[in-house]
Amino acid sequence: MLIDQLFVVLIALSLLGAVIAAVLNGRPKASVRVAFTVSSISSLLGLAITLLVFSQGQMRWELPFASPFGSLSFTIDALAAFFLGTISVVTFAVSLYSFGYADHYEGKYPVGMLGAMFNIFYVSMVMVVSSSNAILFLIMWETMSLSSFFLVIFEHRHEGTVGSGLFYLIMTHIGTAAIGLGFLLTYAQSGSFDFSSFPTAAQGMSDLLRSAVFLLWAVGFGAKAGIIPLHVWLPRAHPAAPSNVSALMSAVMVKTAIYMLIRCYFDFLGVQDAWWGIAILAIGCVSALLGVMYALIESDIKRMLAFSTVENIGIIMIALGVAMVFESYGLNELAALAMIACLMHVLSHALFKSLLFMGAGSVLHATHTRNMEKLGGLAKRMPYTSAMFFVGALSAAAIPPLCGFISEWLIFQAMLQSFNIPETMVKILIPVALGTLAVTGALAAAAFLKAFGITFLARPRSRDAEDAQEVPKSMLWGMGLMAALCVLVGVLSFAILPVLDQVSSPLVGASIADSLVDGIEIVPTVGEFSQVSPPLIAIILLAVMAMVMVLSQVYGGRRKVVKADTWDCGTPLTARTEYSGRGFSNPINRMFSWVYRPIRTFHETKHPSPYIRTEMRYTSTTEPVFDKYLYGPTEAAVRWVAKKVSVIQTGSIQTYLGYIFVVLILLLVVLRL
Amino acid sequence: MIEAALILPAVLAAICILLGRRTRLVEAVSVAGAGSMLVLGLYLVFRVFDQGSLDEGIWYMDQFSGLMMLIIVLIGSLAMVYSVPYMRHELDSGEVNPKKVAYYYGFLFLFIFTMVLVVVSDNLGMVWIAVEATTLVSAFLVGFHNKATSLEATWKYLIICSIGISLALLGTIFIYASSLPILGEGSDLHWTSLMAVADQLDPAFLKIGFVLVLIGYGTKAGLAPMHTWLPDAHSQSPSPVSALLSGVLLNCAMYAVLRYHVLLTHSQLGGGFSSGLLLLFGLLSLGIAAAFIITQKDYKRLLAYSSIEHMGIISIGFGFGGYWGIFGGLLHMLNHSLTKALLFFGAGNVLQKYGTKNISEVRGLVRTMPFTAALLMLGALAITGSPPFSIFTSEIMVLTAGIDQGNILPAISYSLMLVVVFAAFMGHIVKMVFGEPPQGMEKGEISKMGLVPMIALAVMITIMGLFIPDVLADALRDIIALFGGLA
Amino acid sequence: MVSTLSLDAINTLAAMILLADFMLVASSRMRSLTRIFALQSLAMGGLAAVVAFETGAEHIYVIAVLSVALKAVVIPRFIDYITEKIQVNREVEPLIKIPGSLLICAAITILAYFVTEPIMELGTAITSNCLAISFATVLIGMFLMVSRKKAITQVIGLLVVENGVFLAAISTTYSMPMVVELGVFFDIFVGVVIMGIFAFRINRTFETVDSTVLRRLKD
Amino acid sequence: MLTSLVQTLLILALSPLFTGLIRKLKAYFQGRQGASVLQPYWDLAKLFHKDSVVSQDASWIMTATPYVCMTAVIAASFMVPFITTSSLGFVGDLIVVVYLFGMMRFFMALAGLDAGSSFGGMGSSREMTVSAIVEPTILLSVFTMALISGTTDLSGMSQSLATTGFDLVRPALFLALAAFFISTLAENARVPVDNPSTHLELTMIHEAMVLEHSGKHLALMEWSSMTKLLLYLVIMANIFLPWGIDTDLTVLGLATGTVAIILKLLVFSLAIALVESSMAKMRLFRLPNLLTVSFSLSLLAVISYYIL
């Protein structure tokens, strides 16, 4: 009882907050305060609901009026609760962060609208994960897309922002169409729009139909999740959006798609064909690898994070695919392991990506640029921000014992269990995925190293970076909370995994909580395959660190640490002599030039004497493969057709009458025949 | 009772024209008249929805007419209210003189009168007369501005619609002919009497009759490829008139087609023949409209093409048929009217503010007229079928129908085209609403009063997104039963 | 039963109507267009009168009289008046040359017979043979509108279409119920007047009634 | 616990010796006399007694890096079996070890960037490029062994493999071993990937990163690198060729274990010295070829485990 009351309060509160924030638009300070206070409270409510669902079982609430599509109901089961909790935690931190972040829009943009949309965005995500009627879901899904669209184009007077937002909107709409078709195909079987009728309906489907629905959902939700090649909106929308919004979008909104994929595949369709899992696995591998490769060469810090989201979604899809493969062979316990790994990565990516986007937002707030090549030296100027960003980067690079490491570890373990699969061909495919994941991990480390190193270390590369100052406290609190959680979730993962098992067990049909966690150790499934103990790693690292520091001071005595110039070979160093971000990633760019397809131009102003160089200009850009070969031609083709069709509107009344004449004669003749 | 609903707008028309130059008085009469029309109309509608059909000799109203009546009085009265600030602005800018304004209101009422006549006539011949009358009356409204382009639009409107309507008359004659052997001299071309003997009517006559009626009224309803007059007429007329033309008149013509569709459904032919044709024309309209929406440069024409698209959707809905198809089609008639009226009102504001219809010259609405911008954006999202607005509901119903009836390919092309339309339409509107406004454009709405009907419409389409009042839903189910969709 | 005389009369009149269609297509002067149209309407009235006589339905007489009065006298006069008033030149200005037009019309006539054949077999009415001619008239009227430049010719084409519809009404159903028929006449009359008004306005604005110049609105 | 501690201390203590040994062997092959085998000890001792100079542009990363690197190698050596298979395997498995090395590399590369000199950046950039392929290679080749032994715990692997006997000898083993060997060279800045003794800035990778470190910091960096090299050799010895390792903590077992590991390490040192003396350092942009070969070998190793 209590849960659904809380749920109603959450929705009502958010909407009310949105309205008040919009009404107070004229008074930005008050509006910001109201909007983000409300969103913090409602996200705490969301968290409370999560906890209650985990302790008391699922919630169901119906809208108190009839609709043509049957009763519009919300259900929160363990799976929904997990995502609700993730969304709420991140929203809470981002809300704190937004108090400070929103102030720099004052007088430039209607802050009230930002606050209002922010609240609607949150509540729509909550409703997306809790809707249990197909039509209601679609409505909430689009509401989520639309509210995020408006948030993306918030800085609409910036060049290119509106275009990016539009691209996002269209992509997500295409996705919605595919999702809707999938639902309706299922409805045609079940005769009810309620999700509870879907699993049985799927049983009655033909193989072909079921596979069609599988693919429709893969495309539909994939577009939102950002799988390659449907990812192109991410690197456009994220840099354009305000950073607090990018944090929410990248960390949790894309996860709603993962939620639905899990729900649709495991709950509705039931995983029966192995090729489904392999398809998802393949999508995941491509997304992870290409995502991280593009992230690595990106100089725009927010674009880089967006590509990293593509990568992490890929990793999540890999885990999901492995779970599906296991499930299709009836290896339920292994499927449970993979599913838990998948959920764990959902959680940890949510934590570190929101942290990183908030960090990037702080940098943007302080320096007004997203371009790494204009940054540098911020570690001294913004010590807290840099420390927090560093924690995020370490998590993203899967450094033990932070949260990113635990999830990656679990995924590796799940994949290593592939020897249990009866089919040899499938067995061989999984090591390939394993290799991909390993390469992805290494490249991710390089990418985040670059992001942190170039942005925060060494000397500032521009005036803005030189004048940067630490951001307001509320922003630090938001980031601090996430940084702490990155560490805690990693170290205390042994306590979190049983909860994830509670989420996954109804889906995969096996619970492994008893064997998975042993005291403070994590022991994945069958036998003594391996174990890891994050808290012990943490303790050992801290203890050894302390010891090293003490002993190295003891041996050889306390010695001075002198501050001096960097060794410069006799030529004074400037910001221009530092290694640039582009330069940093250049070896990899060259190594994988068949992927990046760089376009290099070299221009030199000639001087009569061959020994004197006056001006040289070198540019290197990456070929936007997907835009150039997929989206560009598609759009061009549609426009071409449209242009050809438009010819019919000639403006001549005789032609127009001719159409009626011809149609009439045609129909009469057809009728006669 | 029904006569009252007919007499009222006619009388109001006369009053407005008689009052002439006393503009304030004319406005007062119009608004008051609109209010009373709304009250009377709604009373009738609820009466019909609640207690079933109303048969008063040559006047007949069932739930279907009720739905149309609802659309007419709702949009009609809101357009009246919106006209007041719109015409004031035109007066102030010297575009028109007070005498013309009086004629404007008079013709507007007359226009509404003819449309009411369409939906309350039992006699199919009478329906024809009324539809032709709508053309003649609205021609003056389309040509109101007396500019070269509006005259051109009017001329095309008159000629093309007249030729179309002549074909409809021919079709009507065939239907009549089919009833003669059965009803003999007693045959009065009344729809109700035809329905009573529907299963005895001769299929050959019905077929050729329906084809002619479909092309004929289809011309008026803006089905492609007979739609060619529509973008001209709808974009050249004053915005409140555009709202009525797009939102109401098209539906009235569609209503006429559908009356015949019902007749055919209940005949020996069954629904297959007529719904096949509806589906064909619907898909064609949707496709052609999509192409023009992509290449459009004029925002009022954009809205006009969107009307063609939506008439296509309605047609597809009835083409798919079945419970969901008919439900969706009927609901879409209402939803499209409400939303399109909102958009045309918004476009009217933009036109008066920016003085251009070119999409490329309108930028930064959200800065210059934030309320209009918000409402326009909302309307654009609604019209392209985004939840949580009402058109989403009806569009998804139509799609459900397609899939449910096994029309998978048409259903998929339908949804593909909707996506294309969404992309193109939003592309235009988003660019107008956001961005940096042109130099020297002052901030401020045209008028507060003009926003009132827009807000009313916005509220309606938002609420209808999730919630359909029981009385309406029940009435719609009755109509579905009429269409034989409750099998 | 129907007398052969009446049948002959009906068939003759119907043939005259068809002939008038071809003459319309063949004529190159505006004046002759309106005259032929008036003749056609006259034949139509006559046909209606014969039908009235044969069936004994009195209201068809009324319709016959109205038809003659309106379409054979008033409307042609009105069109002539407009043509003079706005000083249209006397040429018809076809988009498709006259010989070609005639060939197309012949094809249309055959098509009309082809299309109406199954319905004519059904027809019980004495005049059901006229159905094909009425279709031909409708289609030729439309063809006239499609293939002629002037705005006024389009009005005439439209009236020809109306004549065809009228013929169909007479030939298949002995006209429609009286109320409807009167309403139809009223609409046609008002329609022509309104078109006339707009032809005036267009002439004032564009200084021509050549409808091919009305091409500003396009995509 | 105790054995782990002892083994760790042993590894720490012996690591400069093996570095010195490789240098001596190289000198021998190159016909030089070379410095004493113990020279690395003297170097470290000297460095520990010196002041450090830190760039004023650098942040706390620069100062923290030496300690983190040392911590990482020590923590890793807790989980690696040296003489006996009894180690802290329950704390972390091979994935943890590889990622601890990853952490070390992460900090080292950051420190390279931190001072703002182009050499450091260059070194970091190249290091990350190399590791982008090497790290997955190592993971995959060790995974092969994990699959064969049925555990990812390094001690467990060693134990299970040592007790399996010669059933272990299968194609996957050789493929994985070859891949791991190439990776060891690459990871520890040896020829043909890097040259540990060069100081020509344009060619170096590892040395460029530690260029700005001095005094105690440098000592820690050097020592941690030496330990890392030894750890790699130990992993190679005990995972791929585990025979002889002590599995039951008896005196005899420990004795044979000690002898076995020393013999194996000598052989590996010899191999490295041979490779370094007989091959030239590769151009940076030729490296991907070699590394991709090793990656393919490791991938083949995993696949061949399933097929053969």
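Chains: A, B, C and D, in written order; residue numbering restarts at 1 for each.
As a convention for this text, a residue touches a chain if its C-beta (ideal position, glycine included) is under 8 Å from a C-beta of that chain, and two chains touch if they have at least 3 such contacts.
Predicted model only: the values in this text are computed from it and were never measured.
Novice: Shared touching chains for chain C and chain D?
Specialist: A
Novice: As a test of understanding: of all chains, whose mean C-alpha position lies farthest from that of chain B?
Specialist: Farthest from chain B by mean C-alpha position: D.
Novice: Which two chains meet at the most C-beta pairs?
Specialist: Going pair by pair, the biggest contact count turns up for A-D.
Novice: Roughly how far is chain B from chain C, going centre to centre by Cα mean, in whole Å?
Specialist: 31
Novice: Can you compute the centre-to-centre distance for chain A and chain B, using the mean CA position of each chain? Integer Å is fine.
Specialist: From the centre of chain A to the centre of chain B is 43 Å.
Novice: From the mean C-alpha coordinate of chain B to that of chain D, what's the distance rounded to whole Å?
Specialist: The computed centroid separation for chain B versus chain D comes out at 78 Å.
Novice: Roughly how many whole angstrom separate the Cα centroids of chain A and chain C?
Specialist: Chain A and chain C have C-alpha centres separated by 69 Å.
Novice: What are the residue numbers in chain D that touch two or more other chains?
Specialist: Answer for chain D, listing residues that touch two or more other chains: there are none.
Novice: Touching at least two other chains at once: which residues of chain B meet that condition?
Specialist: Where chain B meets two or more other chains at a single residue, that happens at 155-156, 159, 163, 167, 208, 231, 292, 295.
Novice: In chain C, which residues are in touch with two or more of the other chains?
Specialist: Correct list: 115, 118, 142, 145, 154, 211, 214-217, 219.
Novice: How would one label the connectivity among the chains shown: line, ring, star, complete, or other?
Specialist: other
Novice: If I apply the definition of touch given earlier, which pairs of chains qualify?
Specialist: Here the touching pairs of chains are A-B, A-C, A-D, B-C.
Novice: Across the complex, what residues on chain A touch chain D?
Specialist: Contact set of chain A toward chain D: 376-377, 379-380, 386, 394, 397-400, 405, 409, 412-413, 416, 419, 424, 427-428, 431-432, 434-435, 438-439, 441-443, 445-446, 449-450, 452-454, 456-459, 521, 527-533, 536-537, 540-541, 544-545, 548-549, 552, 555-557, 559-568, 573, 577-579, 583-588, 590-591.
Novice: What residues on chain B touch chain C, complex-wise?
Specialist: Contacts found on chain B: 58, 123, 125-126, 128-129, 132-133, 135-136, 139-140, 143, 146-149, 151-156, 158-159, 162-163, 166-167, 169-170, 172-174, 176-177, 180-181, 188-189, 202, 204-205, 208, 231-232, 235-236, 292, 295-296, 301.
Novice: Can you name the residues of chain A that touch chain B in the complex?
Specialist: 63, 65-68, 72, 135, 138-143, 146, 153, 156-157, 162, 165-166, 169-170, 173-174, 177, 180-181, 184-185, 187-188, 638-639, 641-646, 648-649, 653, 655-657, 659-660, 663-664, 667-668, 671
Novice: In the complex, go through chain D and note every residue touching chain A.
Specialist: Interface residues on chain D, with respect to chain A: 45, 48-61, 63, 67-68, 70-72, 74-75, 78, 88-93, 95-96, 99-100, 102-103, 105-106, 109-110, 113-118, 120-122, 124-126, 128-129, 131-136, 139-140, 143, 146-147, 150-153, 156, 211-212, 215-216, 219-220, 284-285, 288, 295, 298-299, 302-303, 305-307.
Novice: Write out the stretch or stretches of chain C touching chain B in their complex.
Specialist: 115, 118-119, 122-125, 138, 142, 145, 151, 154-155, 158, 161-162, 164-165, 168-169, 172-173, 176-177, 179-181, 183-184, 186-187, 190-191, 194-195, 198, 201-202, 205-206, 211, 214-217, 219
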